[in-house]
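What follows is a short report on a single structure.
Lettered A, B, C, D, E and F in written order, each chain numbered from 1.
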Amino acid sequence: MNAGDTAWMLTSTCLVLLMTVPGVALLYGGMVGKKNIISTITQTFMITCLVTLLWFIVGYSLAFSEGSFNTFVGGFSNLFLKGVGVDSLSGTIPESVFVVFQLTFAIITAALICGAVAERMNFSALLIFIAIWILLVYAPICHMVWGGGLLASLGVLDFAGGTVVHINCGIAGLVAAIVLGERKQKSRPHNLLLSLIGTSLLWVGWFGFNAGSAVAANGGAGMAMLVTQIATATAGLAWMFAEWGFGKKPSLLGILSGAIAGLVAITPAAGFVGPVGAFFIGLIAGIVCYWASTKLKNKLGYDDSLDVFGIHGVGGTVGALLTGIFAKEAIGGAAGLLEGNTGQLWLQFIGVAFTIVYTGVFTYVILKIVNLITPLRATAEEETQGLDLRQHGEQIN
Amino acid sequence: MKLVTAIIKPQQVDNVKEDLNKLGIHGLTATDVKGFGRQKGHTEFYRGSEFEVAFLPKTKLEVAIPEEKLEKVIETIKNSAKTGKFGDGKIFVTELDQVVRIRTGEKGPEAI
Amino acid sequence: MNAGDTAWMLTSTCLVLLMTVPGVALLYGGMVGKKNIISTITQTFMITCLVTLLWFIVGYSLAFSEGSFNTFVGGFSNLFLKGVGVDSLSGTIPESVFVVFQLTFAIITAALICGAVAERMNFSALLIFIAIWILLVYAPICHMVWGGGLLASLGVLDFAGGTVVHINCGIAGLVAAIVLGERKQKSRPHNLLLSLIGTSLLWVGWFGFNAGSAVAANGGAGMAMLVTQIATATAGLAWMFAEWGFGKKPSLLGILSGAIAGLVAITPAAGFVGPVGAFFIGLIAGIVCYWASTKLKNKLGYDDSLDVFGIHGVGGTVGALLTGIFAKEAIGGAAGLLEGNTGQLWLQFIGVAFTIVYTGVFTYVILKIVNLITPLRATAEEETQGLDLRQHGEQIN
Amino acid sequence: MNAGDTAWMLTSTCLVLLMTVPGVALLYGGMVGKKNIISTITQTFMITCLVTLLWFIVGYSLAFSEGSFNTFVGGFSNLFLKGVGVDSLSGTIPESVFVVFQLTFAIITAALICGAVAERMNFSALLIFIAIWILLVYAPICHMVWGGGLLASLGVLDFAGGTVVHINCGIAGLVAAIVLGERKQKSRPHNLLLSLIGTSLLWVGWFGFNAGSAVAANGGAGMAMLVTQIATATAGLAWMFAEWGFGKKPSLLGILSGAIAGLVAITPAAGFVGPVGAFFIGLIAGIVCYWASTKLKNKLGYDDSLDVFGIHGVGGTVGALLTGIFAKEAIGGAAGLLEGNTGQLWLQFIGVAFTIVYTGVFTYVILKIVNLITPLRATAEEETQGLDLRQHGEQIN
Amino acid sequence: MKLVTAIIKPQQVDNVKEDLNKLGIHGLTATDVKGFGRQKGHTEFYRGSEFEVAFLPKTKLEVAIPEEKLEKVIETIKNSAKTGKFGDGKIFVTELDQVVRIRTGEKGPEAI
Amino acid sequence: MKLVTAIIKPQQVDNVKEDLNKLGIHGLTATDVKGFGRQKGHTEFYRGSEFEVAFLPKTKLEVAIPEEKLEKVIETIKNSAKTGKFGDGKIFVTELDQVVRIRTGEKGPEAI
């Protein structure tokens, strides 16, 4: 065990948890209408608790233990975290830390989905949906990428969760938004200041996410931090200038959205590219996600309330593919297209496609099943009066 | 007695209040309201969505006054609330049957 | 000196400070009425400053130096932090870090008390009360549990402050609430979104609190983090389902309160129990604190504005006792009832009882003395108009 | 490379970034009028992105590489961070971490300036101004103090940025406030609760700033943390009691302002003084900054909207000079006046004076040039209606 | 001239505004108010405490109109504000002695 | 029919509402307003700046009633809103030409 690495991983875990509560809660809470704030943040908090409990019971085991169907999913040997003791190690750090660190990734993935169905999903349906989704979608994908399953063995690169976290939640969100249908009325973001706090915490927390994914306090972690910073800033400015250039005012929501797009896109690449690669990834992600969230969405007409697909789905895809282009051997041991390795881009494409199909199909089926148990959507009246009062009995005064 | 209701631009409130004070009017009630009229609102964009904001922030002032001050009060408000641009607002005058001061129970003009 | 341990303890100190400012300030600020927000958060911030100053002058010395009455309290050899130099060590970390780390515990304990007297206590009285209380109650209890005094030598287990922090502030709050009497009018929580931020920061910060109490970046810290996460999530869900089950809606304040109850209850146990023990501690704490804060309080009729007793007092007691039940030798070196050691539960009971009596009596006496200097309670008019405007001359617009 | 040091520096970087987003954004956002909140926080966020991009392109190189005019500024050998690889070290930590750590200092310095021109500066002018200012003012001063340039070689002490960050932004703010002229109307702080969150994050983040400036997880870092805590708390109370003593109520904004003044003043001293020195630095800074921000400002009549000069400029100067008085050889290897070394105070004075003149002159010239490109000030109508709506097309509802 | 004051459900405001526009009414003033009536409020629970919320959010619309449009305006508001459930609200009509447009100083019907 | 408008201290609202209920008045509309009058405001200090707060928070209650209840309603409000200190507020009475209940279309006194 290395105390320095452990110190950093304990810290990273705190940072990633901070991304969800209060990070995502505030980002989302600031963008909904006033009568749905409590609902939005309660969903995030409930998911944080729920996913923790499931991870303890069986999720960690499904994602990271060895099982009989190891290509797709882990086994049951760590049920109730059996076997995780004070002295168990995972590399140079205690396994207990690894368990919680990984848990925080599962939490944020689930929490992000809520953005797509905000202001209209029924609380109990969400609870059941997330519980099933974590076990049938998140845990297997996580296993396939990081737990020694299919995609890992193919050589797909995903440093910190471009596929596992972002494409995963982006597609799940898109499917859920389509299944639930449009909101009766879209509301102006009630208080973007909350979204500023949320985005800031995401940014800072993402250092735990990306640099933490080095699972060590070393140069790899440092470089991951550096490229994260560059991509984020570039994407923020790219979105802002895109907006400005297209005749709109440079908005707060714009620059925040751009920064998040940058964070998302650099995620799979963080351990593989250098500063210049990061700059281009940020630039491209900022512009593409701007286009996806403002033009594409309107063209296709789905109501992804808070652009989970437009930012996480699209940004994650952009990042995963660009990893195959900008990866530098000297940094992460894998070469990309620019260093002459065409194969990696193809592998990245396979990783993306697989995740999209797997998640898309499973999410759809799970939603349909949940709908048999309890309606997915809040009643029209609840939606009109606001979910805060009707589903949680509380209001922001 | 009359109730003069003026719907004005929020930034003119202090002006009006001071000028009314000079007239010897020492009480009024203000409310934040939203107005719709000739002055055009604006459009806000949040990602791909457009929101038309038709209602603009205005302040409604209500002043109860004795009949004889009516002309002066209207004149004063008109002058001190005016910026000359669309949206300066309106003054409405209605008849007050009765005014009561709660603290003392006084009624009529002396209650104002 | 170990750099890895030091890194983690520097970080933990940041985390625990974050729990109070802005954590507790926001948790409390969101639950009071609009006219008392400034007052509530100013109290928290003032206490943070005041306790720091006192700790520097004499508090640290009273808690951690050797004194002639060592069973109960430390001595004066570290007045003004004399002797704490760049090279002084405390275990494997610099003593300077230990001083601040411990200080943050004193701060939060004092800050939590304010919740019980919110919306009605006079600012100057609070200032004087806290100053005396820190020296006469906190420092001795801290010494007795962690500074080598009475309770430590008896073998009472308190990993991160179940007695020192939570029972201590819970009882002090209860006594203060009773001495001050009921508020003239209870107000609806003004903005629970603030409480969400506060609770989230408490949760994340608590990793510094509990895992930091290992005073090292090792497997013990990792396990403390893991069990904290499990107990918190479980308690949050337990409260939520309890509420839901009793015919109310699943509320944000409910799940937040449950999570805090879980954090409190796992505190004394964090270094001694495993994941399964943590699950049960969370489950029991969530339900018992729900009952204490919604039923018991109404039955007994005291006005503990923000449930300092119902959550910290009760949760701390539950946790301290359950530590005696679920402690596992393999984890913290001490066995509990389930491993056949009945004695520990009895010791835990003694620790709880001693703290309750000591704190209760001293708090009462101190309050009575302060009341001779300046009235404990704000005037009726101040209370009606709001303490913000009347005691601080400021308002939230 | 030392993993423990690296862990702490990764963490410190997170902490310092947190100081700006959301720290400074919230501190400032809470103090402006409602119609300028979005504008204020967008400025902070934009600056965070912009400075990052510039730092990557040329800023880091200008500040820290060797150049032909090394006395004043670095060279171009690290353009686009060329040469910063996974294995490059800076002392005991990866250079990548050092790059981002230092970047966060540049970011906060630029972000702080906005407070002086809040509620009236034109967004595009600010963008251009900051871009030039970072390269012509920040990078050189940073180089002269920390990059081996002039002031460093003279022996001026500045542990964590008294001159580089605080005097620098304070003077730039003052000059900008004067050049831009008074606001048409001053507004009451809209929501001090935001300022509380901001100040709290500054406080916690400042541990990364000051203790991180030890660039190691050791006793030096620990002592820096300890003295930071003491000075901050003392200054907070000093301001509060000063205000109270002068017949005003003890206000939230007062105690927050005092705490920030203390943080600022201890910054240059953090690695050189002990607890008692910290106490006096806090005490003096709290009182002097109170005087500067409430009396001096009114006397001189400039409109420094959020007291960047009164707190950062004055506090930084007080701290830099007092470092020359309270420095203790046993702590940082340099003796101050109280240990009989009169020369240090003189050196500190030179450092202060040089920075004031350099920054003052350059800031003035840059502003005049920017004004030729685009008006520095928003139009009267924009100011009246609020910059939120007019410059960013958004509102807080 | 008449002042028509309608207290309606907030979600009906856009409806009413558009229908009035069609009638040629291009100015109105809206205020957020809280109403108490037959429509029952609700109870909120925060930990052990119960809070009865008797007042419900409503919007008050004020429209000054020339006498001759009165019937049409009432009819329009009634139709477009109606949901058929308790709490749809009320329309009050009062006499306006005078109306002044601040910007131009116009008085009477043309000031509306 | 009459419209009784009372501007009172916010903390008296529940009192007044309950007492009116006892009178058989089951509907009213409340608005947060800011009042200026004899009751003096205060000064707030934020660092070196002084801000005079002249307007104090008040609540405006509007109650439409049939003519015959007028005296009783005024009496009730006067008593239950009174604290005896400056700033207790005013009651204004105006004539209502017409009242319509939107839900049912009822008009006149039965619409109240």
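Please note the rule applied: contacts are C-beta pairs under 8 Å (C-beta built on N, C-alpha and C of every residue); 3 or more make two chains touch, one makes a residue touch a chain.
All of these numbers come straight from a predicted model, not from anything done at the bench.
Common neighbours of subunit B and subunit F, by the contact definition above: D, E. Remark: among chain pairs A-E and A-B, A-B carries the greater number of C-beta contacts. Rounded to whole angstrom units, the spacing between the C-alpha centres of subunit C and subunit D is 34.
Chain geometry summary: the mean Cα position of subunit C and that of subunit F are 45 Å apart.
A separation of 18 Å divides the Cα centre of subunit E from that of subunit F.
The set of subunit F residues that touch two or more partner chains comprises 31, 44-46, 94-95.
Multi-chain contact residues of subunit C (touching two or more other chains): 2-5, 7-8, 11, 188-189, 197, 217, 248-249, 251, 253, 393-394. Interface note: chains touch in the pairs A-B, A-C, A-D, A-E, B-D, B-E, B-F, C-D, C-E, C-F, D-F, E-F. On the side of subunit C, the complex with subunit F involves touching residues 384, 389, 393-395. Listing the residues of subunit A that touch subunit B in their complex gives 31, 186, 188-189, 248-249, 251, 253-254, 257, 293-295, 297-298, 307, 310. Residue ranges of subunit F in contact with subunit C, taken from their complex: 11, 42, 44-46. Residues of subunit F that touch subunit B in their complex: 2, 6-8, 31-38, 54-55, 58, 60, 74, 77-78, 81-95. Within the complex, the subunit E residues that touch subunit C are 44-49, 51.
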